[in-house]
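In what comes next, subunit A is part of two complexes: it sits with subunit B in the first one and with subunit C in the second one.
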Partner chain A sequence: MAEEKPLVKRLKVNEEVNAAMTKYIAEGWRAKKEGEKICWTTGGGAPRELLYAMDIWCYLPEVQSAVTASDQVIVQYHMAAEKEGYSMDGVCPYARGNIGEIISGRPQGYPPGTGGGIPTPDILLAFKTFCGTLIYWWEALKRRLGVPLFVGDTMFYNRPIEDRDVSYYADSMRDCVSFLEKQTGKKLDPERLKEAQGLSGKVRELMNKILELNKNVPAPFDELDFMGTALAACWWRGCRKRPWNAVEFFEKALAEVEERVKNRIGALEDERFRLVFDSNPPWYKFNWLGDYLAQKGAIYVTSSFNRWWTGYNGFDYGWCMMGRDWSFEDIGRCNIPNWINDGIEERIKYMSRLVKDYRVDGAIFMDNRGCRILSYAMLDEAAYLERDLGIPTLLYEGSMADPRHFDEERVKVQLDTFLEMLEKKKKIKRGP
Partner chain B sequence: MCDPIFMISGGVDVGSLTTKAVLLKDRKILSYSLILSSEKSEVISKKAIDEALKMADLSINDVQYIVSTGVGRKEVPFANESITTPLAVPVGAIQVFPTARTIIDMGAENCVVVTCNEKGQVTNFVMNDKCAAGTGLFLETMAEALEVRLEDMGKLSLESKNKVNISSMCTVFAESEVIGYVHMGTNKVDIIRGLHDAVSLRVFGMLNKVRFKKDVVMVGGVAKNIGVVNSLKNAIGLDILIPENPQIVGALGAAIVAYNSAKDAR
Partner chain C sequence: MTQAVEILKSMKRLVETKHDRARNFKKQTGRKIIGYTCPYVPIEIISAAGALPVWVLGNTETVVEAGAYIQSYFCRYMRNLVDQGLRGVYDYLDGIVVPRVCDAMQSFYEHWVRYIATPYKWFLQHPFVTNTSYALTYWTTELTAFRESLEKFTGRQISNDDLRSAINVYNTNRSLLRQLHDLQRRNQAPISGTEVLYVLVSGLTMPVEEHNKLLQELLQGLPRRRDVPKGKYRLMLIRGCLAEDAMPSLQEMEKLGGIIVTDETCSGTERFSKDVPTEGDPLSAIALRYLRGVRCAEYSPMERLFEHVLRTAKDYRIQGAIFLLEKYCDPYYMAYPDIRRALEEQRIPSLLIETGEIAMPLGQIRTRIQAFFEMIGG
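And then the complex of A and B:
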């Protein structure tokens, strides 16, 4: 069918990231056997640079669940978790996927060549955000796996960040360092932490540069497609080991995107509708979604999601990139601000800026049944974009990692109708 | 045989419960059919169009252009084009009521609210999620729980003197709530009124999402339920226009789109 034909010109660097990911999992298992420490940590707000500075292997169960979802194997893990009482309706699908994977007994030969899922942890590190599930999830992991857990706090703020927030986070960091030193038997070398933070800042700088380039018409890349590379920023931000030094992936990605801009090559041959999306994407429909839109000349040129890994702080990105001493307070200033900790007003402001800066025709929201924190502001965001900016919006239902909450036919109807609506709007603008 | 100077176009709406076909001679309805969607879309759509053709004394070769819509729109082999329900319904509604600017389409499994301009072009829309709440299926399940006929629910609810509150819109939980009221000896007509109010409140939320405006038209099978229509009127504080044949409006819209396409092609 024509719908199945990939139409998005994908970034080549993604393939390298995927290969590196498989290798990172396989190497982690090997390192574990040799006595090196494995840590599972949370996605938003956790100081991953600290782990790399202490030579701890860092794994993100949230990302692992996104990967198992995109590889269409997550539902079996969900069902295993649900059998033990983790409710399909109430518990995050990332958590169900991860806990279910453990219940199912790893390794199961997935992903191929890695000897199983991500290596079993020796240490658990959770930095709480506005997401209430994280702490319960990591506590469940602690009980199941019998490994020590440290809980830090990247607090919900919904206001300008103040010194007291930063000092609170810095105290968490100090406690975290003591905890990790105890677990590893090694002292933190402050110079190594500074180096890791420097690498992390460089990743953020490069990522911002790349995202900015999508303001070009035609857009040089599909925002969904870029998430393959963005994974590296999320996972290996601050890692100096090759081939997992995320700076190198982003340098390659930047060169690839700059080349496209220079030659006016768009991710689509015929770009007709520029879209923004909010929420995590439905990972199990990741490529399908990009191609389905592409078939109709539509492309996601920006999103709230990829900004998570850019040192997002409103629109003040510079802070986390500049050369700093990287005190614990500095790290706090970088790690506290993130989308999930933003209130409604900030999200509205942010989406409005994306719409204007990227010359967006329409905004698509996925009412994410897998994450209410990501979804709670969507109706207000949509209402503002429609009323004050005249931007058509679509809100469809789905889940970031549970395909049972996604009705493909219904989503197609909504996308088709929405794009037809945009087409008519463009015709009216152009005149007869 | 039809005079070739006229344009014959057709619309087929393959819904989850019923399939409808409309034939137009220019923009006027020649005939229509409505049959249960009891077979595969490709079979049932053929039966529906054949029935409409028979009534108009035409053959399929007389029809210049056919557009399909509804859940089974992609499986109509004789259609020249397919469009989604939210695109078809306002075109049909405008044909019946030119002043229509908001259309509520409540079918068996879907509920769609659309705002449109004077040409029937969509300006905003919202669909219900996968949940059956606010659809004909919800009312059908409740009719079974109450042991009344679905088609009697509307009239029965008008007899209500003390409506009850149905707090849950989840079909499963609402059914438990309904059974609870039955066990308490609550009058069935009051329970039905409560159900209609619950449905209309949900649709009211959808109407607000698209910022509805006059005139409001309701189509689809549920539009035949006077109880739901009255509850909705009360909720929005406006009159609601109901076409004579609310179930064929999607097919009518598809037929008009077919007419326009055929005209453009000439």
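And then the complex of A and C:
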């Protein structure tokens, strides 16, 4: 029997990212045994460039929880954390997954699919560029693991950045350097930091180029699938060591996507509905969601989430810094603004621009009860898209990492109905 | 009836009529009223600008209109505040000031500004890290900007003397509340937790000078109070904001034989534990107090919160702690397992009661409290 053709033409580079991740975790465990320092840091906005410049192994518990969710093993960790009092409703599912893993005694080693864990930390580093939860979570880790913690701080980006905000961030960075130097016994080489920031900037540039290409019809890649590539940016931006140099992944991804555009190859054979999403996807239903939509000819062509860090036309998150000296002030101007740290008005403007530029037919958001910082403007955004831009919008209920908050049958019905409605709308537009 | 009981009753009435009083106050004095949400807003600056600071407080009413803008998995307290705003309950406010605390409060501010649009708005970028010198520098410059913005809005220059007067009058308020709190150390605490709630909340919604007067009279009268509360289980209440929405649960606790003698809440002891220093530059003193004097579960480092809970538990000889936590309250739920464990290590049992729209029904709360008291009384 002939092998069934995949519904979504996936990016090949993602396999390399996965393989590199397996290796990074295995190497981290090895390095730890040899006395090298392991740092757990917050996914959003923490200056991991600094860690790479100081040759510190950098791990992201948030991503680890996304991985254990997609590996379908996270619920056991949630339950272990809940047994200790971490509320299912009150505590972020990433945090519950991570703390539960610690409580359960995580199995060591990888590869994905085994539920294996990241190396245990010697240093904790959190930056308040996203949600408050990250800070409370890292404080809880400090109490549980007895590991030194540094918390860096930034403003809530709901007003233009003032000089005082930049100075504050820069002072936080200086203090962070002293902390890391003390913990590792190593001195930061400012040239290495510049190099790391330069690599990080290059990743942004490449990522933005790739995301721009999805304006093509048909879209050359599925934004959900691209999240597998974006993982490299989230984790290794600023890392020069191979095979983890994120620039190389994005160069490959760009070549792959450009090739598709040149040959008019879409991620779907028959692209009928172009969609946008907001917030996280349900990681435990990640492939299912992409495939289910693909069956109906629907594809995510853009999202706020893949662009929370790259910025977009008019939202120059960090782009203004390209080619600068990368002083701590420059890094502040680059890291403070990001979509997740934005207020409602900016989020609405951002989404509107994406919807228009990517010629989107509809918006399907997961109303993510697992993440309040991602969701707090969602109803406002949806209302604006519907009312002011005439873009049909669907919100289905779920959580990025807790499958107990996701009802597959119900979501199927919602997606079907929504896509039927989009079809009817298209027919009306085309005329009899 | 003793004088103390009369004053307590009048405080209850003050709480019940707070909105009408605020409207009358505005009409009679022509002064502006600025709403705020947390104890990290330096009300001395608002007061020095000639405006009346009023804490925007949660109540027991069902959330109706806010559901269109904020999902049900955000804390009810915040949804309820937005709901009150949408329904015009706080239509007398000239402004709103919200500090950077939890994500829910950030969301509150964003929604308030977008849909309720009080003429003046200010988001105070309170540092999340409270123990560094650069956080203090940042916070001081942030407060300088806040001061200037208020001056512009009210059309009134805020002098250092204005600030000093405001510091004095609020320090007096804090000192009086501390004296009241001290009385609760007695074997027979003279005032119940439900009464304390009215004492606290009344002070958040009226001119502080008037509240000071009432507190002084109350403190004079309390030693002669004959009908002291009969509760036998000494409790500590742990919660984010303590407002009228907590009243049904508090009443149950005290009806069943408990007495709340102390708390770790932001409108309770967190608010009055520390004074603003009276020496030196007044704005710097305010900045210092509102940065280093806070111990909320939102801010880092969190040791101060743990130390306070454990020390107060010992000082007030509590027999049990009640975590009256708002469902979906991220900061407190993240800290709860460790605070509970720390209390257990001191042999202090605790009970978790969840409040919110889809939380525990009152009947179930009652049963759990009864069981908890039986265990304490064991």
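Definition applied: the second predicted complex is superposed on the first by the 406 of 432 C-alpha atoms of A that agree within 3 Å, B and C clash if a C-alpha of one lies under 4 Å from a C-alpha of the other, contacts with A are read in each partner's own complex, and residues count from 1 in each chain.
Following the convention adopted for this analysis, contacts are C-beta pairs under 8 Å (C-beta built on N, C-alpha and C of every residue); 3 or more make two chains touch, one makes a residue touch a chain.
All figures in this text were calculated on a predicted structure; none of them were measured in a lab.
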Q.
Going by the contact rule stated at the top, is it subunit B or subunit C that touches a larger number of residues on subunit A?
A. C
Q. Touch check for A:191: first (subunit B), second (subunit C), both, or neither?
A. neither
Q) Now for A:172: first (subunit B), second (subunit C), both, or neither, which partner does it touch? A) second
(Q) With both complexes superposed on chain A, which partner does A:414 reach: first (subunit B), second (subunit C), both or neither? (A) first
Q: Name the contact category of A:424: first (subunit B only), second (subunit C only), both, or neither.
A: first
(Q) By the touch definition at the top of the document, which applies to A:143: first (subunit B), second (subunit C), both, or neither? (A) second
Q) If you stack the two complexes on chain A, which partner ends up touching A:34: first (subunit B), second (subunit C), both, or neither? A) neither
(Q) Just checking: does A:379 make contact with subunit B only, subunit C only, both, or neither of them? Give me first, second, both or neither. (A) both
**Q.** subunit B versus subunit C as contact partner of A:325, first or second or both or neither
**A.** neither
Q.
Need the overlap of the two footprints on subunit A, from subunit B and from subunit C, as residue ranges.
A. 367, 379
Q | List of subunit A residues in touch with subunit C within their complex | A | 84-87, 89-92, 95, 126, 128, 131-133, 135-137, 139-140, 143-144, 149, 151-153, 155-156, 158-159, 162, 164-165, 167-168, 171-172, 175, 343-345, 367, 369, 372-373, 375-380, 383
Q) Inside the complex, what are the residues of subunit B that reach subunit A? A) 71, 83-87, 121-127, 129-130, 209, 211
Q. Residues of subunit C touching subunit A in their complex?
A. 68-71, 73-74, 100-104, 106-107, 109-111, 114, 123, 125, 127-129, 132, 134-135, 137-138, 141-142, 145, 297-298, 300-302, 325, 327-338, 340, 352, 354
**Q.** subunit A residues within the subunit B interface of the complex
**A.** 367, 379, 386, 392, 395-397, 405, 407, 409-410, 413-414, 416-418, 420-421, 424
